[in-house]
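Labels for the chains are A, B, C, D, E and F, by order of writing; each one numbers its residues from 1.
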Amino acid sequence: MSRIDGRTPQQLRPVTIERGWSKHAEGSVLVSFGDTKVFCTASVTEGVPRWRKGSGEGWVTAEYAMLPRATNTRGDRESVKGRIGGRTHEISRLIGRSLRAVIDYKALGENTIVLDCDVLQADGGTRTAAITGAYVALADAVTWAHRRKLIRAGRQPLTGTVSAVSVGIVGGVPLLDLCYDEDVKAETDMNVVCTGDGRFVEVQGTAEAEPFAREELNDLLDLAVAGCTELATLQRAALTAALEK
Amino acid sequence: MSRIDGRTPQQLRPVTIERGWSKHAEGSVLVSFGDTKVFCTASVTEGVPRWRKGSGEGWVTAEYAMLPRATNTRGDRESVKGRIGGRTHEISRLIGRSLRAVIDYKALGENTIVLDCDVLQADGGTRTAAITGAYVALADAVTWAHRRKLIRAGRQPLTGTVSAVSVGIVGGVPLLDLCYDEDVKAETDMNVVCTGDGRFVEVQGTAEAEPFAREELNDLLDLAVAGCTELATLQRAALTAALEK
Amino acid sequence: MSRIDGRTPQQLRPVTIERGWSKHAEGSVLVSFGDTKVFCTASVTEGVPRWRKGSGEGWVTAEYAMLPRATNTRGDRESVKGRIGGRTHEISRLIGRSLRAVIDYKALGENTIVLDCDVLQADGGTRTAAITGAYVALADAVTWAHRRKLIRAGRQPLTGTVSAVSVGIVGGVPLLDLCYDEDVKAETDMNVVCTGDGRFVEVQGTAEAEPFAREELNDLLDLAVAGCTELATLQRAALTAALEK
Amino acid sequence: MSRIDGRTPQQLRPVTIERGWSKHAEGSVLVSFGDTKVFCTASVTEGVPRWRKGSGEGWVTAEYAMLPRATNTRGDRESVKGRIGGRTHEISRLIGRSLRAVIDYKALGENTIVLDCDVLQADGGTRTAAITGAYVALADAVTWAHRRKLIRAGRQPLTGTVSAVSVGIVGGVPLLDLCYDEDVKAETDMNVVCTGDGRFVEVQGTAEAEPFAREELNDLLDLAVAGCTELATLQRAALTAALEK
Amino acid sequence: MSRIDGRTPQQLRPVTIERGWSKHAEGSVLVSFGDTKVFCTASVTEGVPRWRKGSGEGWVTAEYAMLPRATNTRGDRESVKGRIGGRTHEISRLIGRSLRAVIDYKALGENTIVLDCDVLQADGGTRTAAITGAYVALADAVTWAHRRKLIRAGRQPLTGTVSAVSVGIVGGVPLLDLCYDEDVKAETDMNVVCTGDGRFVEVQGTAEAEPFAREELNDLLDLAVAGCTELATLQRAALTAALEK
Amino acid sequence: MSRIDGRTPQQLRPVTIERGWSKHAEGSVLVSFGDTKVFCTASVTEGVPRWRKGSGEGWVTAEYAMLPRATNTRGDRESVKGRIGGRTHEISRLIGRSLRAVIDYKALGENTIVLDCDVLQADGGTRTAAITGAYVALADAVTWAHRRKLIRAGRQPLTGTVSAVSVGIVGGVPLLDLCYDEDVKAETDMNVVCTGDGRFVEVQGTAEAEPFAREELNDLLDLAVAGCTELATLQRAALTAALEK
């Protein structure tokens, strides 16, 4: 049985990670998981929020948003509505936590890095693409900060790499990296964030139709770990390529 | 090794579920998990939101909030700040999804039930106490709606029961139902929502300090399933007691 | 002629004042006037708002709110609406002014006490119950601050006691402490805040249907003063009981 | 002993009521109580708010605001702050209630009249000047609606007249119609709204420094009733003058 | 062919500029262009916004608003809506830029002047009347600041005068200073801000119905420059008259 | 004398117009004017806003926004601030007016087209790039609507083409299409919107440092008209190329 787009259940969509997409940001990536395209920038500023001043420790945070026509039907802008929706809040927090999981605040020093993940086109898995791309932008921003001596020589704020993927059960079959049409039909939907060494940073599973059994959970975790490992390889490849900016 | 409050790692805090706490609401419960106290009301209204009209299906939603002095330090009211924070949004959505997982919309008919979960006193696990208590308030509201003929005789909108508990790894030891002081020290923190038959509705695990391994995840899930089963028994007991209202 | 609930015109509803209802707050009270239940907490913080810094004087303020299902029909949360309504504003200001009327700012020193009055169940007279309960929470908070040496020994910030009651004319008869069903039918509605020695802190009378004559005003004031005196006795009794917290 | 501005304790400031100040509004008045100047407009629209439709009854409501430099120090605009303050809310509600006290909704029919009271210059007593002026604008708007046949011939929505004045105790002496400098020093401050026949619509007394005794309250009410009676005469005079618009 | 109100195409409406309209503001003007009436106040405060501190330079800014019944149909207050509309923002910014064009920040020193332009009655050209009136209020505020020694003797922050007028093409004819009824019918609408020596500060032309040709643009600019010159004369006359305040 | 980037005063930056950049939107364009990159989508929906229903006429509107790191320093998101700034409002309104200038509402029928212009990277001239790109997206959306029979065969809602360019005086020299570094130094700054036949839709000139003379205005208009003509040619070329989507 093949999937909507011809993939096997264990197969990621074509993933591309283009660095240097912005002339202004300290790190910037256009990441695509199939038709899902997220523009990730990392902005470095000296200093930290007030509540952290004098601690000698840095801070990393993230904001996620969708362009109004990233989806099939145009959505109202949150700036126009005057309030950020629950989904946006939730995903921004998830991205922030995921990247902070591989940050050594002491090594970062009193610097702040903000990751902005703006979805240009959505086709399922926007939050996992965002985390995967934001990590690469973050890594470039750290390199930039090293070069500018904002981070002391010999200190490495990154304690590992991090990537994310969605998995789900569709028609009883566990699938990796759901596109939108699969996501809509999924009985169970899970987003998994892993470090490069295969440990978990976040596991968020939701029963969409039916509660799921322990076995199903295990199958999904297997798929996700394999997917994240593959994404970690792609991140590494992207980061070792020359950045012609 | 015993815990801060003398419990074993597998032990829940003392749980109480008091029904009939409001003279106005169709279902109402004061639930406590140790010193965490959440006031849950279920409000039934005929009709559904506009986007669901004419579908013949009902709707269930939830809102979570904390009183300003529910915590050790007074927090500003979200009404005064003029915006709902990300954490509040996230938990409200979690509670809503958890309860919808055991609802048959067709059987509910075009009625809406809103669960309000207001934390009177917080000591860790407010979202899991809220889900556990809200289920009981929901069950009472369904009974009320049956009596008022809002739901047709012979139709049962509840397809099961649902309860939730937090688990976490503290000092390397997996613990059930963390109180605030444990939560703060947890390396990994997980909230698990289960149906009464031991299947999963939501699994949300977060690495607070260190990424966690598959094994640790498994230990935590074991603990959580046992805890939810125990909570399901307490819910059943509460619901079979006479409601003197 | 007896009232809806069998009381005489001069009779208060059963009043209870339970102290120590929160393990976090410096003072906390669950006050009930019949079915009206308000949870009052007093939060002490060292320091004062910016505009008062260096004055050597303290500050006392209050916030009032209703849980969404405190009333017969569920109301939208003000946090969700993103703005505080006029009624909420008005009552919060009334409570703050009432308590400040018995505060000696110099004796309080540069400390701030915030009174939060959250209505758990509403049946008329929520603002008067809130003032009456908040005074007791405030007194406990002052005791706490004395013990912590935030207030200098020998200085008493409380210059008196304060309580409040509603009165109104229903069917031509002046009644004390209106419940919701009486309030709705009242031709004139008045909230009176008195000190323990029978003087006035606030008098707010409103003609709901017909303008009222001086005579009627006098009758209502007589009733209110008697009611407040009775409430002052109950406050004193509550405060002299041991607080087992 | 004479007052700051040479008045006797029982004396109003010079009061002027200029009608026809706007070419657009159905009723419009520039009212001044000494240096306090309030621009009041009455806007008539056919139809009523949704919750009142089909009742056959009309609605009257009011909004109060201050221009940013109405006061000695410039205040931020509430439109810029994005929220209406408690004081504004409170006064808007007071003005609305006061005018509704002399309205027969049935006679008004399904029409809405909105009173806008914008303070151009403030020198104490802005809310009482607003009520006094708004009544005259309202009366003109009712005449306009009669002429346009929005109100049926022979029906009079106005059941009386209404005016308001502030009173207070300054240096132990009860004074009528406080200007700003007196208001700031008042021990007790009271706003009284009366109908033309000397009955009360609103009585709002506040102890600013010391709680006040029954006797003082009585003195203040005497002063206020006399002041309102005088204002009623001035309103009548203004309304019988020709409106050259 | 004569215009709606009998003017020639090159004729301004009757313009009045009354100074000293507020007892509180450092400069204040009631300006009218026919039935358009705008109340302009200039508020001086020592100090500048944070981003300008220590620069030795001052700041000038403006806020524009309409009273709800300034227009033929009542508009909702922006304070009630909780947000400022695009039109308000746009005009406030235009007024601020126009006045800053004749300010020497160094000579002003670290003082801030805020111009508030509140439209009491609108009949077309409110933004141009506002700029014209605000300049006069600004000049009075500068005089005040000189007298108070906030501005150093011998330094003149005003580098020139500024006035504004609207022009438009109605029925193919270029007209000066459109009233509302003309504005509504205009094919092209232009607001022009000039200095007293006939140079341009702002030119904002908009095709309302048809795009306009270079020739038409030229005709409109000719009209506008002549109109501004006339307004500059009126401003000068107003400012040389004695201010009896 | 050559410019910062080597251009002559009369030279546009390299302009690219890529169509089909979104798989969801009915029209979509990535437009670049040098390093300024704006993503424009056109979203078609059947029906019109309430105030236009039953008129048989369509509606076109626009929203402009910047990604937080489109600029050299990261800006806070307007969704997070909870309000749209004046600059955003102003530009959104300008884009909307500009495109409506070439729309025949009757021919469009009761359909709405929303243009979203999101700046991915800013280097001066974002509003003019947005208008130029949005026109192309609009043209594609009209074609789409024709194919879907939302617009009747034989009716052409586009009455012409529209493009925009900035001009300014830098160091006394009139320049076409300012980049950011030129814009910052400009004495006068003007945005001009023209139709393809060289007539004006909008002319917005602002003196940044010095008021400008009629002559300078004329020079700038000459430059702008030539620039818009060139842009119109590029738009035509882009639209005649095959859209491989």
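The working rule: a contact is a pair of C-beta atoms (placed from the backbone, for glycine too) under 8 Å apart; a residue touches a chain by one contact, two chains touch by 3 or more.
Everything numeric in this text was worked out from a predicted model, so none of it was measured.
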| item | value |
| --- | --- |
| Fewest touching-chain hops separating subunit A from subunit E | 2 |
| Identity of the chain that, by mean CA position, is farthest from subunit D | A |
| Distance between chain centroids, defined by C-alpha means - subunit B, subunit E (Å) | 59 |
| Chain centre separation in whole Å, for subunit F relative to subunit E (CA means) | 29 |
| Rounded Å distance, subunit B centre to subunit C centre (Cα mean) | 33 |
| Touching two or more other chains - residue numbers and ranges from subunit C | 82-84 |
| Starting from subunit D, with subunit E taken as the next chain, the full ring order | D, E, F, A, B, C |
| Interfacial residue positions of subunit F with respect to subunit A in the complex | 22-25, 28, 35, 39, 41, 43, 45, 63, 65, 67-72, 74, 77-84, 88, 114, 116, 118, 120-121, 123 |
| Partner subunit B, residues of subunit A touching it in the complex | 83-87, 89-90, 92-93, 97, 101, 160, 190, 194-195, 197, 199-207, 210-214, 217, 221, 225 |
